[in-house]
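Below: the structure, in structure tokens.
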Amino acid sequence: MKSPNNDNILTLDNLSISFGGIKAVDGLSLKVNENEIFSIIGPNGAGKTTVFNIISGFYKPDSGTVEFKGRNLVNHKPHEIARFGVGRTFQNLELFSRMTVLENLLIAKHLYVKTRFWEELLKTKNVKVEEARAEDEAYAILNYLGLEQYAHIPISEFPFPIQKRIELARALSLKPELLILDEPAGGLNMVETEELSTIIQRIRDDYNLTVLLVEHDMSMVMNISDRITVLQYGKEIADGKPEEIQNNPMVIEAYLGKGAMHA
Amino acid sequence: MLKLNNITCSYGKVLALDDVSIHVEKGALVSILGANGAGKSSCLKAISRLLKLQAGQLLFQGNDITKSTPEQAVHNGIIQVPEGRMIFPDLTVTENLTMGAYCRKDKKEIQNDLEKMNSYFPILKDRRRQIASTLSGGEQQMLAIARGLMARPKILLLDEPSLGLAPVIVEDIFSFLLELKQAGTTILLVEQNAFMALQIADYAYVLETGKVTLEGQGKELLENERVRESYLGIKKSK
Amino acid sequence: MIFSLIVDGLAVGSVYALVAVGLVMLVKSTGALNFAHGDFMMISTFVAYSLLVQLELPFWVAIVGALAFAAVLGMVAERLVIRKLMTGPMSGIIMGTLGMAYILQGIAKIVWTDDIFKFPEFFPGDFVKIGSASISPQSIGVIISAIIIITCLYLFLNLTKVGTGLRALTQNKTAATLMGIKVTKVYSLSWALGGILAAFAGILLAPALYLSTGMGGITFTGIIAAIIGGFGNMFGAIIGGYLLGILSSVIPVYIPTELQGIIPFVLLMLVLFIKPTGILGKKMVKKV
Amino acid sequence: MINKTKNRFLKYLPIIVIAVYFAGPIFIGEYLTYLITLMAIMAIVTQGLNVMIGYAGQFSFGQPGFMAFGAYIGAIVVSRMPWIPFPLTILIVALASALLGFIIGFPCLRLSGFYLAMATFGFSSAIFELINYLGPLTGGNEGMYAPAAAIGKWKLTSTDDVYYIAAITVVLVMIGVKHISKTRTGRAWNAIRDDEIAASSMGINLQREKLKVFAFGAVLAGVSGLFYSYLIRYIESSYFSAMGLSFFLIMVVGGTGRVFGPIYGSIFIIMLPQVFGGKFNQHMNLVYGIILVLFVLLAPNGFYGIWDKIRNKSSVNMNLRDKLFSWIKRERVK
């Protein structure tokens, strides 16, 4: 599925939004190529999550456009954007914590279970077929991420790292073309973070996805990103390949603080 | 002065702190580093008694405060400046500051301290009648710190004071923290901005998934290979 | 004609405003919309009635007695019911306070029966003539009293340390706790205040209306006034109360009497359609 | 083992209840039949509320209004056109209620929490005011006579007849809700209840699902209102407006968000005054208020929650007994 004009799957153009007079995102433009892992980094409060929330339709930008596969996403609701093929995870986990792992994944199958309300009332054959199919697909993803043994356990029973992985599984159930990950390594230890890095790369290849990533763990970002954009104060201050970013003096100053250079 | 001995606590079934021991000497500035969700904030919440302990012991000036309430913690002089500033948005700047002195009864001294804050942060004096939500991010952070100081803390707990602030302002705030320390205030600082935090810290702890994985002198950790790679993003030392 | 209707409306509106302010204060401080607020009012007014008429105590004793009763009632309700429900789902609070409303009504029925009582007027005297309009001193008295009460509340919340603490708590509970504010104490206090405001409203309303166990229905009018003004905003609640009072006093002249009861709801719908956050409400940005 | 049998017993309990339902009128007197019919009607309307609040998290004060609407629409249509067979009346009422649910649900979409509660209360009150205002059509405050259900010349006039209609419907409703709760729509509703942000990012159209649940709740209320009019034959708007508290009580007592909760709840609520009799009725609201507060505070999951607790406790005891038992066994072997 290539867009007609170029290889950009996602194009942000001159995006701005402010809350209560404070500019959270300020004239941001960036292009994400198909099938790459693209990271946005920057200090806390630089506007990274805000960008994600604009892309997935929770915030409406004051100006600018978000183009995904040639379609402007601004003014579309979150559920429509999910339907267009954008799946995401959240910084602070937005799992349905009272439900089981499988139920969480089945909710993400909402778009793919083709049943009508009256059929569900009567539990017709179609409902049984569709439900079984959705369940199979959910199990396939659970298997893929090594979570199948947890299927029938409520979310609240799990420690944080497993919940993170469940949320990733849920986002994958949406069959997205663009996967947005908001701090997937937050709260993970070194070993888990390394594991996650491999998983993200594997997912990108196996599911043929584009990945957009916000992350604070620099080792992970530098390891797996194809390209990186650095935000500060809602503005882009640098972008490029990991090596370029690592050696960019402006980045080091803004992100790591003055003096990091001579440290 | 403050000792956390093998404390463990959790949110529901999610373990936040796992057998953590941290010591803060009187007059020292101690930093806690770590990624988002590593348990840094939980640590401060445990100290200011917002979070119950499941195991372990909290000692403050030799007294066991494991079972005390948040109000008692404030009375004891343990004052936290919370993450995200948490100023009272619809109160004026002055009202915010007086709230900081809620537990104090010495009206005259409070008045003096108000003046003192105004001299520390002249910008707050100019805006003393303004509603706090109209302040900029940096001003709000200053207000939050000033509000904490109004309680005359014996130990000041700071949770990510650099959050969402421009580097210039972060430097201002950190140099103010250094001044405070030199004036004799004990400070426990939680930071994601590892470089800044390590530079001013006497001693620092690194938290990962609720456990202390590394500790040492600030300058020592700055040179540590692992810290440099995961928190400073510097791969190879040049 | 219209002028005296407006004055009557202002008098009723004063009571609505008192009810709405009480409701908003409780929502802001404890997050609980009190569906029993009108019944707090009803039963406190009955207490005032008993002290005044049945025990023939002096005026001020009756009022102080009723206010004290209301304050204790508020504190008991907070301690026994609200504190446990506050952290739970909203439906729990609605049903818990609704249950309290029915309990209070039931008790009032047992103690004072289902009859209708005439509450003596505080501000007797002849009608005052202004131009062609005649205005009852009762109305003027109610309006002035309400303004005094609301001003006192305002001063309490803004000039005292405890009042400022209460406002601080409503804005950020965690931060307030970190200041050493004892949260449970402030909750207790705000429900005592809520009870007192309800009692004042009842004592001002009762002489104009007959006193009966069904008075509690005013809760819904109060909630509507609060929503119209912008839920969570005290000034909005006052404006909403007066607006509702004036409109429900003036509009019935122009529409069939059978439809009078609909007025608050039509207003509510209009406001919710045009500006769901109410007249003075702020837009909420939800954090993801 | 014993636990399993208990589970099985629980599973079949509703079916036993249903069986008793059908054999009912043969063995019991007319009054009891009337009561059981009332239970079925209350269970249907409360199921609507239960789905809205317990499943989808959309609070509603509107149930009494929808119920009155259904009763009046049915009575008005049939009194003008007596030839309409009653299954068609039911269908008309269901469709009209669904439509009203959509119409009322639409402006409520932007609202949540207390705003939603008040808006539904406002609509419900508006329906009552309108019923009283439209005197020529509805009899206003006087109320109106509701024609009996009929097909052709066959009129279903006795309580037994209404009993069967209500019994069949309540069974269908319970099965239908059970089905929905395990499939796509039910999951979407649960998702909206728990986390709207996550739900919408999973591709769930919040507005559409909310409208659906509003309409569904309205249909159940409207149809049960129609049955109620068949049962009591003379309707006044005040009958319905006085019922609001009962629905909440039934829902909470049975267990919010549990499929069969409304059945247990309505049995409890209808039988309570029967057991205590005369004097009780004077202070019914007081007792209901106390029960509601006690349940909300002490047993927020209703009978289901209490049952779960007892079962968990007894399973602990069971372990103890198993241990004792095995010890005795060992003794025997010796």
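As written, the chains take the letters A, B, C and D, and residue 1 is the first residue of each chain.
Convention: a contact is a pair of C-beta atoms (placed from the backbone, for glycine too) under 8 Å apart; a residue touches a chain by one contact, two chains touch by 3 or more.
Model, not experiment: these values are computed from the prediction.
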item: Chain pair, C-D or A-D, that carries the greater number of C-beta contacts; value: C-D
item: Most remote chain, CA-based centroid, reference being chain B; value: D
item: Chain centre separation in whole Å, for chain B relative to chain A (CA means); value: 31
item: Whole-Å gap separating chain B and chain D, where each centre is the average of the chain's CA atoms; value: 53
item: Inter-chain centre distance, chain A versus chain D - centres from mean C-alpha coordinates, in Å; value: 41
item: Multi-chain contact sites of chain A, meaning residues that touch two or more partners; value: 58, 90, 94
item: Multi-partner residues of chain C (each touching 2 or more other chains); value: 286, 288
item: Residues within chain D bordering two or more other chains; value: 197
item: Parts of chain A lying in touch with chain D, wherever the complex brings them together; value: 56-58, 77-79, 82-83, 87-88, 90, 94-99, 103, 106-108, 110-111, 113, 115, 117, 120-123, 127, 130-131, 170, 174
item: Complex interface listing, chain D residues touching chain A; value: 176, 179-180, 182-188, 190-191, 194-195, 197-206, 212
item: Residue ranges of chain C in contact with chain B within the complex; value: 161, 164-165, 167-168, 171-172, 174-182
item: Contacting residues of chain A [partner chain B, same complex]; value: 20-22, 43-46, 91, 156-161, 163, 183, 185-190, 192, 216-219, 221-222, 232-233, 246, 253-260, 263
item: Chain C-touching residues of chain B, taken from the complex the two chains share; value: 48, 50, 70-71, 73-75, 79-80, 82, 86-91, 95, 98-100, 102-103, 147, 151
